[in-house]
């Protein structure tokens, strides 16, 4: 086993996981309305395939994959399409969405379907089945999973890494998945290893989830080379490049994908979703979401139908406290603050966190005092202090020279900055500005 | 000089063909000749005043450090030996020399020399008068220095400091606080210890360097 | 070199020949005033920084350097302008340097003969004035392109601008640094002099403060006009 | 179903949480850690110490208030500048000079650069360097510690811009004694601080304790003082071994302003490198310069100039010690 | 300290050519916005300083013995043409070096550090060895000052400098602070 199980730099935000880490996963009842944006994943949005007035059963597609890097979207509840139009998206924009009035009296049973038998399928058929089921990465980035299952031929993948780090504060959905459904996770791994023809797999789990580690180890099959690797508790341990370094010691070269060093990383939730495809034949229409935060009355780990509005989700958790100020989709480090609670839960929504006012970053921004804490925090060894200075005076080309492209917007720098400088935000804006000038010039 | 691109005016007013080389040379030669003539003329005019001033400076200094001698001789240091004849050079200021002072009755009072060494900031130049036989100091004067005003420049202005050297015997030793009995002890200036020590060091080095030269000169004359 | 286009701009007969690239026509007063104010060599153009810094520790040095520079500016301006038609383009820089060096040497010798103590205090900074970018700059950019009267006026204005700046700086430095002006005690025996001011960092700082003050005034005026508009 | 959130929602960019330390918290903690040092100064030099420090602090704060952008006094950095400047002065400094030093340090050491965080040179030391260059006699006249608390240690109330009377009892600092008279000083007196010198160079142990507290809280980077003290110790030991007349490491460490400089002044993050490798280099540079100036220079003490000189090199050091970006080095190719 | 060593230390640190002696200020203020430029200008300067030291020494020893009053003129003419010749020679034989340093050579002609070196070396009666050490010290000191100024200016480019200090005011304050930092070396070599 590799001795190193961490990476250098990074930060230690307060974990706050004890709010939900012991709560078993429960199922949330169907809400009155489901909203399904067609853009829920990286790549091309799905192509609409229903009309207003159509009746859909649970599991029916409402949008089809548009090309290779795209997946279909499925109805997560039976009901009637009442509207197709612009609707608030959790990323802050408006997105074309399908609204479905849930049929209160439907049994919510999906149509009968074939459950594909994975052992008999060729790699291509497994990949197609996964795409048809609309599976995307559940770690947050929502990258279509079937793409990772079929890496380009000129790359030889030797290791599959399963990301169970879950380093974001508050979030416990992966934790609970591993603790409660270890067999499903391992089954998903089996399917992936089969499809990708790799014979080595490492599951990286932060040390603060001993029950998950124990559960996985207990269920470990004897015929597969799967290792459970406890990792240092540190943010962003779950970031792909950090995880790969912690597990294999390899630094993914700047600007390259993990597959270039023979590694594919998949989130535990995604693996469990693959398992479900071949266990039940169900597409990805619901996911495990951690709803937590001191601003929430009753935190929980819930199985939530994709498309459930945040308003309904929070109401199910008894609403928020009087001091609640900010609702975040995702974790507090990289998640997105919500202006409108009508935005729905997506396939990639790992959690919803409600912060109270005193926990937020409100407050005065001071000038950079060059304390160097951000340099010590940055997991990719950038100089956020200098990058921030350049961003302020719009010297984007100098930022490129300082490897702005390698910044993964993890927010570690902004987290530690005593002057409360919104560094990650500045870098995000700079990346956007650069992209704009590049496309503008072309 | 080829057509320089750095200073070129707009193309419109550049000469259409380049000037012949002889004209360029002639221009420069004429300019040089005129400049040379002008400079030499003014030099000739100002020279007496400049010479007079320099001589006055030296006279004043020698008079001060040798305690008003009646007359003095100038000896030049050429090839590590003293000589009375000045070498053939326009700028005699560069040549190390010593002024040998006599009183009215022709007795030698002592010699005056100039010497320079680093002080607190830059070189400190002194004229030092002393008796080459015994090494006893007659006096010194600061000719040039860049020491800090208010601190280091006390070596020039502090009469208590300057006054204590007469009669002391080199090599000297600087002490803080009250100077003791020994004839070699000199009290440094509070707040300018470094500059005062530099003065003492310059005097010690200069006396050590010039005494053998002067003894050799004396021997040569008595023989 | 390409041939000069045959179509020359037609000069209005009788008007002073205006060569393209040469300074625009102006009154003599404007020629003088320019050097003192808007194109002040020290405070605006930052030319001749070395003499400015090195000699402004006492007012007497500042004045001497200023007046000597004025003399060189006027003299070299006059000569350069008089001979501008005869100095071939290719050797003009060398010629200008020669002319300037001649006047600097003259100034140096005259100063040594008349004010030997100041001459000694200035040391090599007097002959160093040859390298002062201001002198070559005026010869090249102005005197070589206009008639002798304007050249002299410009040299005088620049020289005055230079002298006034040096006077401002050296007066400040001597007053604070020694409590005196021209070696005359001004602030009384109880004044504790700020030795800093006559030391190198004080030189930089005095000019810095002057520039900050100037920028402050300009900025305030700009704001005012902006508000008025 | 009622809306769970009736109020307007806060929408900020990620990350949405931050660590506990904020710039004012750090600054005011440093102020707190300076209190014992000031108390020690008052113990040795009486009320004079408090008056001098009050004058520098007043100069610094007033300048920050009048010229600076509004509300910047609350961040505490000007207070640190004022206090530290006061601690570098002799107990007998005329108050008008102390005040002027505070004005100069904040004005030209900080505000012309753009205020907090923008300056390259340590403002307190800029003020102190100005004072030492402007009034070299007054600023190097060291009153003897001890005596009654209420006795003034010099002409503190000299009228502004006039020369102070110098009739207080003064004594040379240990470094001055060594350099100009070749005399040593008892180590115990050095450590306890019972020697002539500036207000803050007399309490090495108190300074170390304050530094340890700040290092523990991570308000200062321990690498800088560690590097400075280590370099001075090693370098001076080598010199002492070569030439026994030179002072040994303990004397070097506990004399002069080294402790105050190493713990409170070289560690100013604004004017020190941002990388850890850079901090080691920065400290080593200061250590070497301190020893060089003390042993071969004209001045008895060189901590201030050493720090200022290395401050000038910080942009350079930052450039040179830029960390290797993840995935761009040798290992990345593996 | 030996004489040559003192000349070197003194010229680089104690009496730094730029920060204490005030020589070469035009380029110190004018050409220090970027650090690479500053390095190269410093290098080019050091090169010309060395040539000047030899040239001035030769002039003083062999040519100007009877006519010291022609020194200034002779120096400036020789330096001016020397730089021109160097420029052409470097351009022809070291084109790579020329591309790096070439554009700075004309700037150096009107840089008084060069003439200053010749004049100071004359007024201090340096012999050839001393003059060479003096030139190297001057070059190192000049380069150090240029590089420090440039690296600080690169940093303040992203600082929130007040409007009134933005053009030159702050640059002079920086020069003042640098000069103060160099005061720590005063007296170096004068203490046994």
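Structural remarks
In order of appearance the chains are A, B, C, D and E, and numbering begins at 1 in each one.
Just so we're on the same page, a contact is a pair of C-beta atoms (placed from the backbone, for glycine too) under 8 Å apart; a residue touches a chain by one contact, two chains touch by 3 or more.
If you're wondering where the values come from, they're calculated on a predicted model, not measured in any experiment.
Within the contact network of the assembly, the step distance from chain A to chain B comes to 2.
Graph distance from chain C to chain E, where chains that touch are one step apart, equals 1. Farthest chain from chain B, judged by C-alpha centroids: A.
Farthest from chain E in terms of Cα centroid separation is A.
Per-pair counts of C-beta contacts peak for the chains A-D. Centre-to-centre spacing of chain D and chain E amounts to 33 Å, using the average Cα coordinate of each chain.
Averaged Cα coordinates give chain A a centre that lies 69 Å from the centre of chain C. With centres taken as mean Cα positions, chain E sits 26 Å from chain B. Between chain B and chain D, the centres computed from C-alpha atoms are 44 Å apart.
Shown for chain C are the residues in touch with two or more other chains, namely 93-94, 98, 101-102, 105, 109, 195, 199, 201-202, 205, 212. Counting partners per residue, chain E has 69-70, 73, 159-160, 165, 169-170, 173, 176-177, 180, 183, 186-187, 189-191 as the residues that reach two or more other chains.
Among the residues of chain A, those touching two or more other chains are numbered 367, 386.
Across the whole structure, chains are in contact as follows: A-D, A-E, B-C, B-D, B-E, C-D, C-E, D-E. Chain E makes touch with chain C in their complex at residues 19-26, 28-30, 69-73, 76-77, 80-81, 110-112, 114-116, 119-120, 123, 163-173, 175-177, 179-180, 183.
Listed in rising order, the residues of chain B touching chain E in the complex are 1, 4, 6, 35-36, 39-40, 43, 89-91, 94, 117-123, 194, 197-198, 201.
Against chain A, the residues of chain D that register as touching in their complex are 1-5, 7, 9-19, 21-26, 75, 114-118, 221, 269-276, 279, 318, 322-329, 331-334. Those residues of chain C whose C-beta lies close enough to touch chain D in the complex are 187, 190-192, 194-197, 199, 201-202, 205, 212.
Partner chain E is touched in their complex by these residues of chain D: 108-109, 111-115, 118, 120-121, 126, 129-130, 133, 179, 289, 293, 296-299, 302, 304-306, 308-309, 311-313, 315-316, 319.
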